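Two complexes follow with subunit A in common, the first pairing it with subunit B and the second with subunit C.
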Partner chain A sequence: METFINPKSLFHLLLLPCLLLYSSIAYNSSPVEAAMHTNNWAVLVCTSRFWFNYRHMANTLSLYRTVKRLGIPDERIILMLADDMACNTRNKYPAQVFNNENHRLNLYGDNVEVDYRGYEVTVENFLRVLTGRHETAVPRSKRLLSDEGSHILLYMTGHGGDEFLKFQDSEELQSHDLADAVKQMKEKHRFKELLIMVDTCQAATLFNQLQSPGVLAIGSSMKGENSYSHHLDSDVGVSVVDRFTYYTLAFFERLNIYDNASLSSLFSSYNPSLLMSTTYYRKDLYKRRLEEVPVTNFFGSVMETIHTDAAYKALSRRNSGRFEDEMSLDQSVHHIKRRMLIKVNDGDEIHDINPELLQGEEGASKCPWSTFRNKFQKAENVDSLLNYGLVAMIPLLVISTWLVQ
Partner chain B sequence: MVLLQRPHILLLLIDTHQFLQCWIAFGSANEEGQQQEEFSEELLVKPLPDHKLLAHFHFQSSAPPSTSNGCHHHLFPKAISQLVQKFRVKEMELSFTQGRWNYESWGGFDPISSSNAKPPGVELWAVFDVPQHHIDASWKNLTHTLSGLFCASINFLESTATYSTPEWSFPPASGNVRYGTFPCEAVCTENLTPWLRLLPCRDKAGIALLLDRPSLYRGFYHSQRLHLTSTESSSEGIDSGIILEQTLTVVLQPNSERAIEVHASEKHVQPSWSLSSIFGKQVSGRCVLAKSSSVYLLLDWGLVAELKFPNKENGKSAANGLTSENFWSNPSFELSVNPDRIFLEESSSHSKSLSILYMFQVEKYSESEPFDIGLMWKVPVAWLCQQTPLHASRFFMGSGNERGAIAISLKSTQFTEGFMSANSKDGSCELRVDVFQVVPWYVKVYFHSLRVFVDQQPRAVSDFIEKIHVSPSKDKMSPGVMEVVLKLPCRVNTAALTIEFDKGFLRIDEYPPDANQGFDIPSAIISFPNFHASMVFLEDDSLNRSPLLSKFQHNQMHSVCTILWIIAQCAAKACC
Partner chain C sequence: MAETKEKSLSDEKPKPRVRPIVRLGIFLISHSFLVSVVCCTAGVLALFLLPVLAKNTYISENALMPGSASPMLSNQHVSDGNRLVKDLTNPNSKSSETGIESHKIIAQYMLDLGAEVSFHKFHPQMNQFHPLHFFSSPVSGKIQENYSCSSYGINTVGIIRAPRGDGKEAIVLVTPYNALKSGFGEALSLGIAYSVFSLLTQVTWLAKDIIWLVADSQYGEYAAVAAWLREYQSPKFSSLSTPNAEMCPDVNNLFELKGHSISGSKFSNSFRRAGTMAAALVLKVRDQNEQFEDTISIYAEASNGQMPNLDLINVVNYLAVHRQGLRVNVEKLWPLLNSSWLKSLGEIFESLAKVAKSLYPKWKFGIPATEYVEGTATLASSLYYQALGVPTGPHGAFRDYQVDAITLEISPKFSLDKVWRNDILLRGGRLIEGVIRSVNNLLEKFHQSFFLYLLTSPSKFVSVGVYMIAFALLIAPLPMVAASLYVDANSSSNYSKGDSSTPSAITDTDEHGIAIRSWRWLNSAKLVFIVHLWGAIVSLLPYFISQIPDCSPTTSFMIWVLLSILSLLTSNSVLASPLACAKATQEKEWALVKSVTISSVFIGLGLMSVINFATAEIGALLMVPMCLLARPLKLDVRAGTLRSFCRLICNLVLGHIAFPPAAFFLLKGMLDGFGNANVGDFWMWVESLWAWNSATYLFIGMVQLPCWVLCVSILFHTC
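For the complex of A and B:
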């Protein structure tokens, strides 16, 4: 009995300092920069009502289609449409919305899901979506459930002016409202990076008050300039798309999900003489270089696939930087280059808590608890955890039976 | 001593853990053997007198009561079962409608129109199984959940100013019913997408493959409806069984080049149609998860009376006439596919003629040999659909604050005489009419000004109103509800109810963004409880398997005549 108690009390004595050491290491490293980019969200807002604003609906639906095609699923898209154009009685082509007079593409499709429609598209609901402050009854499909690893694309279109954006011809969103919402989002770690794209008249003025880091903004025109529609469809009877969105789509229609076109190539593809306005980018809050950020970071959702041979084996995150044997055969060379792009720049992001913990482990080799914590973090599977637990019980069993005898 | 017992306890724990795992695995396997989930899909097509076509899709899914919490469903949509368990919904109906049901041309007295002619916009009513003081909270949470599930603004029904508590207008006549409608809600593809996701085969296989969105929304009327009932749970641990019925009713024009309206009396040959010409697609096989998958073609008795069947006189007798080819290929029309079975209506009170139902089984068809039923008319045929006993319409009189009044007018239809003579036993026969009307709070109705006109003569209210229940509106809090039971003489020609109102004052932020379009007032519901709109087809074993036809027989207890409402444009503009 005596001999058994001593190792046990030693175990308990070591437990407390080990826990303290672990927690101090964990909290010293700032979690935000260490957060990996894990998911992409899109919030697409059309703020205009009435049939003659058909083109704003077509703008938003074009972006919706692009973003879905490049990989973001409906669960991570919040689509807000202020009016119903597809089944409007004035629409000669029911359930169809076109953004080009050749009618080649039906933007409405068969599987569209609109989260906020009609009278629900208000400034209040928009700010609630951004900040996440909803009433308890609001369902999940209407919430922006992003976290600190999210990249969010926010696209807004409609009528706007100097430091405001008009919602449904009855209220306005001002630039300081937007800046305040973004600041709240940053405080609550609701995004890692945010790209705001606005297609209205004098769109650049909407970004004047933004201050939060990690935000990239692009507007279709500067102060004092208007954004124009592209062409009129004489069959439908109204203008069907705006110039800025038209050329944005022209850029994206050339891409597929594996391309590594960068954001700077998107920005340089805008020609002021074709747009009849000057596009404006706000880059000072965004730390990364635009040549190195692929557009699919925001406009698509390309999940990082790591090829493993065996099932249920815990994967060491430290070694994910080395990938020479991890490529699956059907991925192209471009894809390898793209992954290199991300890895080299986000070198600091791959190293999450584990290396610090491992250092801690070497420092306190007498602490068996931290090795258990390591194994717990590495084990990505409850089954393996159970195995470990059962295995750990065997020595206890042996010792106690030996003591009995 | 604890240490001595510890290893044994450890061993015991490990053993029981393993044993429990095995037991749970076997237990869940045993449950599935008891009662299975079922799904059936049906399509009913019916030609209409004004050269249009009615297509009625009917999908039914049922989940049996089960003993485990969070049971696994393999056919039944989990979203619905979670909704029913969480909010303890006993019965619920949600419909999305666009268009007006044209009662004069399309009839009102058959099972389809009486349950599928719905008010425009969104209509939701629900019965809950919770204590009275919790019902409002359950209703609010239910509206939010449904708005997320169906991509619609059903969450606007949460405010007390939009929903009401009918006393006796809905079948479970207790205080547990909540009813709300939102007339100006647009209905489009985004409402159909999640509705189709509730089906096991979605729109990828089976009859739902026909649902081509542009064809659907080009129709004159479309209404998608979801009705669920949950059976009483007998004990605490057992989840209740749920029956989910999804229907989609569309009225389409087969020949889209002919955009002109054709009256039923004109003698033009009806346009020929086929499923591929209407929907642009064919049925390439059934949904493999469906227990039954069939397509029906219904010829109304009014149409059958006009057609020339060679052995029509023997049509009432049983089987020998039914197998003759004349039933699907004769001088009047021709079907492109031979039906698998033909049903004659068993008996009817009007006894002029009987409806004929052709049934086509989809199991026999596949992708290489798709199913495409078509009807080709050879001679012009004109007929009339069976009407409701009284034809109802509602309109405004006066102008807002200047002698404004709402009037409901009831006119007898030509079918009324036939009914009355058949139904009157002694000299005094009475026709019972139930009226249920909800007006928003800003239409301030003066209930004391209710007047009744019978045959264009003003009469005393107490002579004709058997009972009336009124819930006056409170500003911004609750709408005005009126439920009236009228007893009219059977020989009545016209009857009218008028009630005066004033317009309430709306602040600038209470106007919707498109106030120039006016305000929509919810539809009133007129029902005739004494009439049963049912169609009984020859009893057969196979008939019991068809949920659609069993609905025809049993569930139509009264024909509900829903009237659609004129937008109060004049009234709103005068207010500004």
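For the complex of A and C:
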């Protein structure tokens, strides 16, 4: 980089490391915003076993059914059930699970894919699913393969207490563990937005340690409060559903995939006197206004659709303004290069390709060559001559990054 | 005295720093009189406070969920049960002398439901005194030689396998039934059990197998259940006994008939088993009843004061009261209900609670006086039956195998019409169904709730943590008084010597004297040991006396008393007779004897409280005051003050009361009236104690009796 006093022919060469530097800066500072909401995942966990906790399994299965109905496919739902109530010998209706005493809906009908069952539901496995640190033998269907464009719904039910959730009657998930896992997820770009919904006693305490941005949390009860079951099925002989989940389901039963109900309407639908506990939602980590977020963003698989004249164009426009701010904030070792960079930024979009490309190399799933070709095709739409030159630099860029790595 | 001692110590050398705990000990010992008075009063008071401190019972085990499922027992099942009752009470079925017809009917009914049926023949084992079999589990694998075909019982056993269960656990339902002279009540209890059984063959929710045992109660309910359990838990592998029993023609006849009449059925000749027992219910229906409403009595005490898990009682109580509208009873000591002093005590507590509440509204511990009296009566009976150590029903046999079991006795308001009979069948059946469904939900053994408790009402209990306080307060003064007496005896003799002789003599004999004095307690210990040894001999004597044929209880008792006195005298004379030749020079000899006696009583009570708390509590009530007050009568007579006169009277009274037979007759007189008290009763009572392997018997023989003898010897000490 010392060869700065060189003729114009070297300009592009110079630009390359600058672009690299820049992209890495941009990458570290604001990765999530760079991604669009592209997919939906749901992790549904029932943490308690034993026959008398029938309702927890019914809760989870009901929610499973709801998110499936609203469009999240089975391969994007991780369902963890700590016990098998349907086949419990005490079940009066073998192989059936109900969440209402009218027995109209068998939750354990066809097409229920339980990913983790019985003693597989442990704190360790739960954290592994969230953070994606699996052993190599774990099949893809048991992994949460989310990316930075994912909206994840994490629903947990079981027996909880002050800052913990009991798993399997033998171990506990603490609020620190959860917060740590979410932080790791954030750092590994495993989600764009995360909605944690917890139906336990003192559920609110489980969110105390959360710090990661983009996380929205809702719990069934405040500290010191119990979450109660909704009703008892005197035929089966157990309580079949919890209040919080019951009213959540009641809310969703009115919706279909095309509805525009917002998260705030869901949150305000809980009536403390019916719930016998106070729902608590923590939104200080969440940027968007709840009134503007449709519930189907999490509970369904409905994404924002953006109409563009051309593919990928809309993507780039979003960020150009903000880059400048970040540049000015940065310290001044390479200030000249940066100025040049800003010059390039104005009326330019190529820089956006670079991070994508870099990422394309990192992510094993993307083929670098096809991206490359895309870029070429895309370049035809751009009429700036400079762009041509820059696109021509891309192979060099690729090689250099490869060498750097 | 301790102060003077300390003074003398401080005179000799600079006092070493004493740790606070030691200083506290010295303080308590030096004020042992005050401490013992306060502690004993507090202990007795705490005992009377227990009904006030009783807590409401609650279902501790989450899995039980009693009453969460609606009962499924319908009128169809009731009419099934009714049919069985009719068949059993039909005079034709009683034609056979051995009552085999009834067993066949029952077995046929069970087979029709699709249950596995087997007969279990047993020879009743008479309870005998086996000196070495205390605390040991019932004898297993013992083969009796002299089987006779005339005396055997037949238990009919039906088993329902849980359709989707793993067969590892079972719930047992027991109905005692005497085929020879069954009352209507027994038939009714079979009807209830049958209606439940017929329901359970149809349900899909069974996780545990159901065993219905119709226990042949012609040799006693307990014996039949115990025999079946013995066979169930510890199978006999000897081939000798089985053919022996089957040679009896009647039994063979029975089996053959069965085998022929139902081909391919689930009837089997061999003993059938299911999994480990989770719980057992013994169901009885009382014949006559003068109550105004349907009540159900719960009997829970097993041998040596063992109780089933409180959750089992809670479940039954909850279902009976809140679902079936039955009144639940537990045993009460009825005479206590009318005692006026108890009523006034209850009123005092009530008014105290009112005062406390007015001072601070959150203090709510008072209960109404009538409730207090009832609670005390229940508590007393709970204590009494636990202390006795004799099971109050066939459920006791289960407790020996650590199976939680209770006996339910339904006493219906009696009338003959059919509607009433159906009603009691329905409600009783639904209660049993509810309990079985609740236990069926259980995942582990009963373990959540208490095993050590006293009931003050069916829905109130005093847990071990509370009732131990009363006992601990009672026996707390014992070690202090013992230490104080020991110190006292040593130092006072020191002083008396010092007075009589010149100072030079003290220094002369000092070391030697201290050495002798510090070992002088061994003399008393020897005496105490001998008396306890004698106690052991006295406890063994009934074994030999019971071998004497044709002996009435009264004569047996007389022989026992005579032999005991004889053995006491012999041991006294043979083993150096410390009583007689207690060195007259040592005036405080009695104090040392008392000190060692108190120590031994403390140890005995402490040990007993672990084995059977209730016995220890009652024993402490009798013995602690006597031990603490014991003092040579001569001294009191000599002193002649009012205080010593009071003490003299107290000593005489306590000396009479604490004598085990006297205490027994007093208690019996209080409960049944003194009119029909008989000397032989005590013998019978003792016989029942050892027959049931009650530790109370050992306690009386080896702790209380020696203690009483020692105290009496102190009272009549010549000093």
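Everything that follows uses one rule, which is that the second predicted complex is superposed on the first by the 271 of 405 C-alpha atoms of A that agree within 3 Å, B and C clash if a C-alpha of one lies under 4 Å from a C-alpha of the other, contacts with A are read in each partner's own complex, and residues count from 1 in each chain.
The rule is short, and it goes like this: a residue touches a chain if its C-beta (ideal position, glycine included) is under 8 Å from a C-beta of that chain, and two chains touch if they have at least 3 such contacts.
Bear in mind the structure is a predicted one, so any value in this text is a computation, not a measurement.
Enquirer: Which partner does A:V236 reach: the first (subunit B), the second (subunit C), both, or neither?
Expert: In the superposed model, A:V236 contacts subunit C only, not subunit B.
Enquirer: I want to verify the contact counts: of subunit B and subunit C, which reaches more residues of subunit A?
Expert: B
Enquirer: Quick one: is A:A86 in contact with subunit B, with subunit C, with both, or with neither? Answer first, second, both or neither.
Expert: So A:A86 only meets subunit B here.
Enquirer: Taking the superposition as given, does A:P94 touch the first partner, subunit B, the second, subunit C, both, or neither?
Expert: Once the two structures are laid over each other on A, A:P94 reaches both partners.
Enquirer: Looking at A:T60, would you say it contacts subunit B, subunit C, both, or neither? Reply first, second, both or neither.
Expert: neither
Enquirer: Between subunit B (first) and subunit C (second), which, if any, makes contact with A:S262: first, second, both or neither?
Expert: After superposition on chain A, A:S262 lies in contact with neither partner.
Enquirer: Once chain A of both complexes is superposed, is A:W51 in touch with subunit B (first), subunit C (second), both, or neither?
Expert: Second partner only, subunit C.
Enquirer: For A:D115, using the defined touch cut-off, is the partner it touches subunit B, subunit C, both, or neither? Pick first, second, both or neither.
Expert: first
Enquirer: Identify the overlap between the subunit B-contacting and the subunit C-contacting residues of subunit A.
Expert: Overlap of subunit B and subunit C footprints on subunit A: residues 50, 87-88, 93-94.
Enquirer: Within their complex, state which residues of subunit B touch subunit A.
Expert: Touching subunit A: residues 3-4, 6-7, 10-11, 14, 98, 140-141, 144-145, 147-149, 151-153, 155-156, 158, 185-190, 193-194, 203, 213-214, 216-218, 512-514 of subunit B.
Enquirer: List the residues on subunit A that touch subunit B in their complex, please.
Expert: Contact set of subunit A toward subunit B: 1, 4, 49-50, 84, 86-88, 93-96, 108-115, 117-120, 137-142, 168-170, 390, 393, 396-397, 400-401, 403-404.
Enquirer: Would you tell me which residues of subunit C are touching subunit A in their complex?
Expert: Residues in contact with subunit A: 62-63, 65, 68-70, 162-166, 203-207, 437, 440-441, 443.
Enquirer: Which positions of subunit A touch subunit C when the two form their complex?
Expert: Touch list, subunit A to subunit C: 50-52, 87-94, 232, 234-239.
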